[in-house]
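Two complexes are shown next, each including subunit A; its partner changes from subunit B in the first to subunit C in the second.
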Partner chain A sequence: MTDPFDILGVEPRFDLDLRALEQRHRDLSRALHPDRYAGAPAAERRLALGRAIETNDALRVLRDPIRRADALLQRAGIARGEEGEQKASPALLMEMMESREELSEAAKRGDPARIARLGGAMRAREQATLAAIQAAFAAAGNDPEQLKGVLAMLSELRYIRRFLDEVSAIEEELADQT
Partner chain B sequence: MTLLEIFDPKARPSPIGIDLGTTNSIVARVRDGRPVVIDDCNGERLVPSVVHYDDRGNAIVGHSARRLAQGHPRETIVSVKRFMGRGANDPETRRLGPYEFVEPRGPEDAKSVRFKVRDRVVTPVEVSAEILKELRTSAERELRSVGGAVITVPAYFDDAQRQATKDAGRLAGLEVLRLLNEPTAAALAYGLDKQQNGLFAVYDLGGGTFDITVLLLDNGVFQVKSTGGDSALGGDDMDRALAERLLQEMGATRRTPEVVRLALDTARSIKHALTDAERVEIELPVQAGEASSGRPGSKLVTVTRDELNALIAPLLERTGVACRRALRDAGVQAADVDGVILVGGATRVPYVRDHVAKLFGKAPLKDIDPEEVVALGAAIQADILAGSMERADEVLLLDVLPLSLGIETMGGVAEKILPRNTTIPAGARQVFTTYADNQTGFDLHIVQGERELAADCRSLARFVLKGIPPMPAGMARLEVTFRVDADGLLGVTARELTTGVEQKVEVKPSYGLTDEEVENMLLAALDHGEEDLLKRRLVEARVEGERVAMATRKALAADADLLEPGERVAIEGALSALDAAIRGDRPGLIQARTDALDEATRAWAGRRMDRAVAKAIAGKQVEDVEAKVAAARGVDAHLAEHRGDDASRAPTETGGPSAASTGIEARRS
Partner chain C sequence: MAYSDKVIEHYENPLNVGTLDKNDEQVGTGLVGAPACGDVMRLQIKVGEGGVIEDAKFKTFGCGSAIASSSLATEWLKGKTIDEAETIKNSMIAEELHLPPVKIHCSVLAEDAIKSAIADFRAKQQAKRELTGAAPSGAAKSAASASAE
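Up next, the complex of A and B:
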């Protein structure tokens, strides 16, 4: 059993209630955490350890919208990973390249206001993309053809994410310097 | 429920919790449902983490050792924790201190510091084991029989430091039930005491390490959100900064071990005195030959609290950086924190308290002694793990990995496999492929740390997976699996996928001492060597066999309905065979029969676990009402508030287009 929705026993959907998800993880941890099996036979301890790892990993997957979407697509039998990777549109690539240049320039100058502005704009875009993905999942139901439409949006979200990771890294570096 | 009373009902083994500190260590246990500190034979609660080796080769631990430190600076190891899991060439090893080290003979040897004490060579693991033995003796005096220990470690300890601590426990003859992070232990002691839900920050400034942990307390579940720190920053550094000043006052150009020890000890006393006093006057010896008269003299020196504050300000700034990062990692702001818990003797310094209050915008909690709170929490966890605590079913600690784990890839870049702040136990898999034609070996280098380049991270282990059949580049597929257990310790497995032949290599990161070395030390420590070791193996095998038998009987009583036809007979057969072996005196046989019982119950154990999971899920739907009560108490309000952030970004996830199977390859060997 490797499907994270099954492992956590939650309904497979994109718009998960994250608070309920975290609660479910805590409840399952109460049943599966190795601490609960401290006095158990070795085989049982190993089994519990494996399942606790699985549970923790499932939470990590579902908490992350990109990996959550991947898991949903995989359930629907749509290949992901290298094969399923969608080529980003040239327009998106160009735009991202420009944004990144602007970011690295702001980083070089140590301009926190500009970095924050770029990060803010990208976060807004991230929200919009997430909303679009959510709508697409809702509209597609279980239709594989329609679900494939999500792939391009996911690809865009990955670019956004990497940009934001870079923003965080730069902000962290600047914060540590002061 | 006590598992071992069958052996000797008079000496029921009791679990203990140990805070193995840089400056002081403490042992505690649970009595009548409450954690209490166990005094040593002189009625002292704190045992100084100081070990003196006398000229007969005996180890003296604690207060007496501390008194000997001044006269025998090289034969007395102070703050050994700073050296745990550290290499001979680690910058930390070479800092201000009076010790003599053995020059490493080679790179393997350099992985662990080795002190030269008189004619002996001792490792930090052995020195720590002496402290643990002393604590064990105190515990045995009160409890008669000790049944396993939880030992605390700084949350920011890396794998090598954890492994070293666990080995020290083993060497001291303790069954280490769990390594527990100090801040989590402190939160456990606080949380159970206050029965309060919410978001807490634990600011732990000990003698040699600094930890900051942000955790959520939700109805008995202590969930660590993030942790950070500096495993080479603590009260000792305050002493060092002040000692440098004293050495200048003393005109000490020749820094003999005695002078350095005196300066460090005096600095510590001054620091303590300045907790209550605004200024301290102290008489310092002026070094002979350097005083104007050419004779040894003394000099009156005044140190004010403001001066001390100025000296420690840069250290506190470093803790501030770690705090801000931990808050960022947890996705919260300082204002979201409901309470700040202070841990560690160094938090008694008034300036530290002011600094923490400023950082979090609220006065820190201080109702439990900051020096005892960790040991008390460890005792609670030990009691829970031993299954003897009533609330064991309610309390659960969910801790995290403090530093990212990764593998060195092409160009010396460290690719993160498990990011920091991942909830443990944790596992991850990554597929690598060959980059050269006919490459027959993978050279894998496992590292820990946040830096971009593997060379800047902590090196945990290197190993080679050999015997890959010659194939064009990129054809062989090597799957590397990381598993981190609840102690935060890593195990790595690698296997080759394409050939159909599964080749597995299991690696345990080493910190410089091999299993054999630890085993030999154990042997040497016992009076009658082999004979004692055999006895000890027999006792251990019996304890384990009894435990498994007890657990199985308990499960038979609770979940017999999940047995399949034939299973019960097999299990009962295995049980009576084990019972017979336990009555005998052959550890090997007891082990084999324990394994056989293990095997007989395996499938059934899986079904029981499924039932526990189903119960956990179903139970919760009924308990939704309770969740709403919790929300009213503030916890869920927090989560709801940060839900937006959570949903939009999980900064530590690696989710690029190159996620699962990149073409990054390990270097050819």
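Up next, the complex of A and C:
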């Protein structure tokens, strides 16, 4: 069983209640804790440990919106592999290229205000894309054709994430210098 | 995972980083991205007489292997005709740079960028021919202008 929703026993949906999810994870972890299996046969102990690890992995997947969306698509039989990989639209690539160039210029000049502005704008975009993904999942239901539409948004979200990772890296570097 | 010496060499001293005027009709621009990791790569060629690539520039925001792949690609492109350039395969780049399997997609990205730059250049030339060949004797004229390039 590798589906993270099944492992944690939560309803498969994008707009998960994260607090309920964490609670569910805590309950399961407690039930699977090695102390409880101290007197159990070795095979049972190993099984419990394996399930505890699985539970932790599943939580990590479901906490991350991109991986959560991937897991939902996988359940629907839509693989993200090379074939299903969406080519980004030229407009998106152009925009990302320009934003990255602007960011690298700001980093070169050591302009923290400009970097913060670029980061802020991209974080707003991340929120908007997440909202669009949520709406798309809600509208698509189990229709595979509609679910495929989410792939393009997920790819967009990856470009946005990559940009934000870069912002964090630059900000850390600047902080180290001062 | 360790980078090969060749990747490090290109990463630390990337060749041909920069921009060519994308509105120049002799310039073809390829803009590609890796959806899995969010890397973006721009590769440009300037094509002169006889379809020979006179100059090539790139700008890549991505990992060391992606930068090295595009740096190597621009080096290889210079002096080649666009037909020769089209035969460059990602496997050749991956082999030259000793890319490990997890980084093969970086060389795929570079091959895509070359193809897309060539396609952009050809589309520009096609548009130019259609403009100049709009007259009744268009077919002969456009053939003449194409061979004159």
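In this text, the second predicted complex is superposed on the first by the 169 of 178 C-alpha atoms of A that agree within 3 Å, B and C clash if a C-alpha of one lies under 4 Å from a C-alpha of the other, contacts with A are read in each partner's own complex, and residues count from 1 in each chain.
Simple rule for what comes next: a contact is a pair of C-beta atoms (placed from the backbone, for glycine too) under 8 Å apart; a residue touches a chain by one contact, two chains touch by 3 or more.
Just so it is clear, the structure is predicted and the values come from calculations on it, not from any experiment.
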Touch test for A:47: subunit B only (first), subunit C only (second), both, or neither?
first
Tell me the contact category for A:155 with respect to subunit B and subunit C: first, second, both or neither.
both
Which partner chains sit in contact with A:6 here, subunit B, subunit C, both or neither? Use first/second/both/neither.
neither
Report for A:93: first if it touches subunit B alone, second if subunit C alone, otherwise both or neither.
second
First (subunit B), second (subunit C), both or neither: which does A:104 touch?
second
One more residue to check, A:39. First (subunit B), second (subunit C), both or neither?
first
Looking at the overlay, what does A:173 touch: subunit B (first), subunit C (second), both, or neither?
neither
Partner with the higher number of touched subunit A residues, subunit C or subunit B
B
Shared subunit A footprint, subunit B vs subunit C, residue numbers 85, 155, 158, 161-162
Which positions of subunit A touch subunit B when the two form their complex?
9, 18-19, 22-24, 26-36, 38-44, 47-49, 51-54, 56-57, 59-60, 63-67, 81-82, 85, 123, 126-127, 130, 155, 158, 161-162, 164-165, 168, 172, 175-176
Which positions of subunit B touch subunit A when the two form their complex?
3, 177-178, 218, 221, 223, 321, 324-325, 328, 384-387, 393, 396-398, 422-428, 483, 485-486, 547-548, 550-552, 594-595, 597-599, 601-602, 605-606, 609, 612-613, 615-617, 619-620, 627, 636, 639-640, 643, 646-651, 653, 655-657, 659-661
Enumerate the contact residues on subunit A facing subunit C in the complex.
85-88, 90, 92-94, 96-97, 100-101, 104, 155, 158-163, 166
Which residues of subunit C touch subunit A in their complex?
31-33, 35-40, 42, 59, 61
